[in-house]
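Chain naming follows the written order as A, B, C and D, and within any one chain the residues start at number 1.
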Amino acid sequence: MLSETIELRGHIIDSLILPKVLDEIITHGGSFKITEIKIGENRADQSFARIEVRGPSAAALDDLILRLRQHGAEVVEKKSVQLAAAPADGVFPQEFYTTTNQQTFVRLDDGEIEVQPALMDCAIVVDRTARKATATKFCGVKKGMEIVVGHKGIRVIPQQRSISRKDAFEFMAGNVSIEKPKSVVIREIAREFKRAREEKGKILVVAGPAVVHTGAAEHLEKLIEQGYVNLLFTGNGLAVHDIENALYGTSLGVQLEEGEVAEKGRENYMRAINVIRGAGGIRAAVASGLLTSGIMYTCVKHGVDFVLAGSIRDDGPLPDVITDALNAQEAMQAKIGGVTIALMMGTMLHSIAVANLLPATVKMLCVDINPGVVAKLADRGTFQAVGLVTDLEPFLRELAGCIESDR
Amino acid sequence: MLSETIELRGHIIDSLILPKVLDEIITHGGSFKITEIKIGENRADQSFARIEVRGPSAAALDDLILRLRQHGAEVVEKKSVQLAAAPADGVFPQEFYTTTNQQTFVRLDDGEIEVQPALMDCAIVVDRTARKATATKFCGVKKGMEIVVGHKGIRVIPQQRSISRKDAFEFMAGNVSIEKPKSVVIREIAREFKRAREEKGKILVVAGPAVVHTGAAEHLEKLIEQGYVNLLFTGNGLAVHDIENALYGTSLGVQLEEGEVAEKGRENYMRAINVIRGAGGIRAAVASGLLTSGIMYTCVKHGVDFVLAGSIRDDGPLPDVITDALNAQEAMQAKIGGVTIALMMGTMLHSIAVANLLPATVKMLCVDINPGVVAKLADRGTFQAVGLVTDLEPFLRELAGCIESDR
Amino acid sequence: MLSETIELRGHIIDSLILPKVLDEIITHGGSFKITEIKIGENRADQSFARIEVRGPSAAALDDLILRLRQHGAEVVEKKSVQLAAAPADGVFPQEFYTTTNQQTFVRLDDGEIEVQPALMDCAIVVDRTARKATATKFCGVKKGMEIVVGHKGIRVIPQQRSISRKDAFEFMAGNVSIEKPKSVVIREIAREFKRAREEKGKILVVAGPAVVHTGAAEHLEKLIEQGYVNLLFTGNGLAVHDIENALYGTSLGVQLEEGEVAEKGRENYMRAINVIRGAGGIRAAVASGLLTSGIMYTCVKHGVDFVLAGSIRDDGPLPDVITDALNAQEAMQAKIGGVTIALMMGTMLHSIAVANLLPATVKMLCVDINPGVVAKLADRGTFQAVGLVTDLEPFLRELAGCIESDR
Amino acid sequence: MLSETIELRGHIIDSLILPKVLDEIITHGGSFKITEIKIGENRADQSFARIEVRGPSAAALDDLILRLRQHGAEVVEKKSVQLAAAPADGVFPQEFYTTTNQQTFVRLDDGEIEVQPALMDCAIVVDRTARKATATKFCGVKKGMEIVVGHKGIRVIPQQRSISRKDAFEFMAGNVSIEKPKSVVIREIAREFKRAREEKGKILVVAGPAVVHTGAAEHLEKLIEQGYVNLLFTGNGLAVHDIENALYGTSLGVQLEEGEVAEKGRENYMRAINVIRGAGGIRAAVASGLLTSGIMYTCVKHGVDFVLAGSIRDDGPLPDVITDALNAQEAMQAKIGGVTIALMMGTMLHSIAVANLLPATVKMLCVDINPGVVAKLADRGTFQAVGLVTDLEPFLRELAGCIESDR
């Protein structure tokens, strides 16, 4: 049996880090001896544990240590990362290390460098001269770049539960229950939004067309007008339905205002696309006075940046849509810096795409009437993702109301 | 090939009756010849068709005619119903006719008698002397009673679509879409509620505990106070959670008011049951001043009648709960007369139980956040059932708001 | 600040007991000092912690200790339970202690007595003379019985995770994912079934009518024939549809065998009820040769005991149905002793009712195509409940196949 | 009141065309007089109706006639289509006619030209010289092309129900019930597959990664090997998970074969992408012997054409993925000719994208465990879309079994 000694620091008991580490050791065929443990007397105190980890073979022990690092385990004897050259453009060396979205450091020679940005599913490109470590997607890699392989010399700082209980995102973490009093939760979220704005954090909204179909556009517009949306990521669907509604008062042919509820088919939808194509894009249509209301109009008027990412089910699309998936990912990635809250509503595709780009420190709130969508998004193993199963229109109405009444 | 001639009358084209009848004939191996057809020139006009139906054997033709009667087909040559005696208490004669919840007549000697009530899944007990025909459940039958067998001499009047398009229940029939602007629909429903009250129709609410869990109780109380609920059918669950909330401010241990969102477990829930058991029941607890708020309290104060029907998952239960399923069905059946609208929220068990007791003329609105529940209830093949997939709390809030603002 | 000292024993780290206890203390406004901690070196070793718990007032400390006891905390200074007399038949004294379904002991004078059975949502009736402590539902209590109040002198042994990882129920605990390779899971379950039979544990099946609708009856019959079902809890629905299928080859009018897929309406369903009512019950119908196949027939033939619990949506019902909810609960409770695995399929009502009667030691497997139902049942905070979101027919087919092939 | 006379031909009663037409007239404020009606005596006979339609204004009547044309109404007085020039590349003239996916003819001078292909959400580009009418998407239009505007001179042939009842797709049209005996349905589908192959129709499979996650890949491979898949449309997700499974035996880190069910995280997934990127693509990886099993391998080996359409949530992606949405739509459109059955499994995004490209004559079968997805796809108002709510693995296992056993 080979062994290695690891150390854990922080709120390792109540953030469940110690139990998870012991669990991993046993589950993967290892055994352990806790050689030292110091548990914080009260919540604010940090705890510490030194554990001797044993595995049946060098490979198994290596594999095990790799897993424990994801939980923040630090190997006592410090080693530098191993690097290998990328064999071709867009291809990583074989044993490349895959990043998580947690804060990560690599040890190079005597010091540690933080990997930037905290982006999942990347390899780490190391520039020895500049002493920089960059999380890089497949398309960003060039032949010969030096890339981290294996797992030595890597330290991950898992997101730890905060000490105060005041934070709605922690309290409700992973909660997707349908039968909950949502008013209380929505008031908490309104408070988080205000706190974010006070602290100059950016609020990102990711939204699908259901925001328009359910008649919730006006509430989202209010949030934009009051400065509670700094960035909107959506697709062709929401934009077209919003513009259809602005131009003709219908959404997929259904009239949203009082009066006759009449099915009008897809004509207005297709015509809305044609009008914006004719104008040369959304901003041009606003500038020329063609588009005078709606979510997209309000974004333009209030200088809220947006990305419309394309999909294969798009009609048209509008000229503003980025139809190439990689370009769209890059466009979103480029704008995501400084975001502290991401509100995702009514779209699984865009929400997952964006969640894959966010660091673990961003608070994610996913709202959908379909419990399956909420569960998929909220269940990302962090204390920072909250799911709410509810109808979009009343959710946004109440959120906008809370924010307004509290001013 | 044997044949029989049937006649259809009413809005047989646009209520889809004629297409369904022709479909049934072909599907079941028959053939037809339309010997006369007169189609109303405009919507208000009734249409008429006389059809010669052919079948390969007497039994097949009989079976076919039985089906066509469910769509309102009338056999030209009029025959009396056939009767047989019940062989034992609680047992029907072998070939008993099973009722639907549509208006039905039986021909006895020279005249027709209407079957009362329009209740599904019953046999028809005929009292020749009193010339009465009664839809009777298994438990109501006594040995020797005369019961309709076969299908001769029965005429069913299927619910036909109304001529005016103003009616929300018809327009949305069977609609369970999630992505719809619900505000418009809720305003329509508020209008139906007002119309019902003006026309002295009773409004029945069937509700599950989610009404309390989601924080919607106060909105339901408003509807009760304003006279828009004449009857409440629910179970032990809603009543206990409502009383737990009234006594301790929690629902299943979750505090519903602003402030700390804290899990308190099941103590309050169990204590609420014990308090009402000690008091001798809900009405006694209101009378003695123990219970001073909540849905059940408001019902008692405003003289709204209620039935609490038991289920095998009940805790306690409260003394007011009818624990025997047959007694509970009878209690509901006894109060259902005069109901014109049934609003069903957050309970599949009670909703199906009640739907089985309602005549086809009652308008049913089913609201649930689970599309499966809504689909099951709304899909009853009538023009009178509407499903709405949404969250209960905002639904009730908006409905109560619409009714109030419009006064 | 007042303080009390508690002790925790067992797998308190990897069963998450210590983290949960510390969490509860902080969350409820207390603070702690860990005065001694000994963590097992490897998984089989038990751990131990002694913690000084401090609270702001005697009442708050009392409340806090009560919560910690649910996690197995033992107060170092031992006290006897407090008892009070029931004020009336069916009513508990005000501050009654509410049981969980975990193993529980009460301290009386110098010794401890185990509460029997391990049944949730009961009060504990103590018979000092016989030194017996009985978990008793509301209806079981008589005026003057001595009942535990407050929380002193109670010790709860929470279900701890087992040491070996071989157990499918632990591994998948709470798992309701749709996108999982179910074949692997089903093979594990088949092994659990075999193990249960070898160890003379009883297997309880709780099933809803979807077992018949989906064409899965034959697979359930195979399990019964091979001795893998010791007890069947179901309702009127499954029994009638099963008998309809046995007598007429249809389920709710849909033919289950190859050939024409034809809707036949509710006649066969109603006739099936009538036939069994005429015969005097299921067993009588089997004895007289009327009923010669199906699930209910196979139960009778193989001496498998069943309970048919009534509900308010039942038609008929069959004479075998216990229509009173309390009587049905009692009938199920009376037969539940010795059950080690409960397989729940296609019924939320019966599954929750039965789950409420089971001790925490019983392994529960809930199978349904609706993720909401599975989540509700699997999420009971134990390591022993497993949820599987899948279609009933292929699930039962594969389970029966695994059991057969492995013999 | 202005009037116009229309004619309807075909199975206008039992395909519900006449009722729908009368309904549209009334609903949109018109009125009608049936001046002639001839109803086929038996099912094979065609019916005929001549109807005088009246509207309150020329615009309203025009609008109404447009709607009636979608149901196949033909205006008695024949007119040529109106054409207008496209104002710019990628922009249609203002009043452009939007196509459906039904067979459509335009009248030009004295004759009629069929619009090719039958593709929805397009404009119709007319080439007078070549006498060709082409359904064209936004991106296909060039400045100056002549495009149909208004609705005159257009004739739509709605898909009519076939006379025989043998066809599973018609029988189950729109059926999404969970509680159905699926074995019967699957046998019908197997027959449709065989019929398609005999009649040289192409079978298109659209599949999401759940096919691999649920362990169903081997069944899909069998269908491919036996020649029952002519075309596979999917995305990066399925391909990567399939290749991960082929290379490492896991899907998203979960082992699919018997043995330990262990979570291995995302390493294998990322490594699989890297391997194929290194090889230069799927076909190259097969050719070089790197990839020797799985769905993608089987497609390559059996010459089954595939399109991998990109999305913004893709990792990697594989070199074979078409990352631009418009290019991906075009690639799919280019291969779709000759498809008679489309089987869609476990992907809403790709299924909707493909459904938008299919003519109304293609039979669509949508299989998903989520009833919402099935409902959205099956509810396209045709007799040709069937939905099945079930688990993918047993569905494909049984389908492959039926096809094999029947040979």
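Everything that follows uses one rule, which is that contacts are C-beta pairs under 8 Å (C-beta built on N, C-alpha and C of every residue); 3 or more make two chains touch, one makes a residue touch a chain.
Being a predicted model, the structure only gives us computed values, none of them experimental.
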* If we look at chain A and chain B, which chains touch each of them? -> C, D
* Which chain has its C-alpha centroid at the greatest distance from the C-alpha centroid of chain C? -> D
* Please report how many Å separate the Cα centroid of chain A from that of chain C, as a whole number. => 38
* Structure fact -> CA centroids of chain A and chain D: separation to the nearest Å works out as 33
* Structure fact -> In whole angstrom, the CA-centroid distance of chain C from chain D equals 46
* Asked: Which residues belonging to chain D are in contact with no fewer than two other chains?
  -> 27, 178, 370, 372
* Structure fact -> chain C partner, complex, touching residues on chain A are 13-14, 16, 18-19, 22-23, 26-27, 31-34, 37, 39, 41-43, 165, 178, 371-372, 375
* **List of chain C residues in touch with chain D within their complex** => 171-172, 178-185, 187-188, 209-210, 213-215, 251, 254-258, 261, 369-370, 389-391, 393-395, 397-398
* Provide the residue numbers of chain B that touch chain C in the complex, in ascending order. => 27, 67, 70, 87-88, 90-92, 94, 96, 98, 121, 138, 262, 265-267, 270-271, 273-274, 277-278, 309-317, 323-326, 328-329, 332, 349-350, 352-353, 356, 370, 372
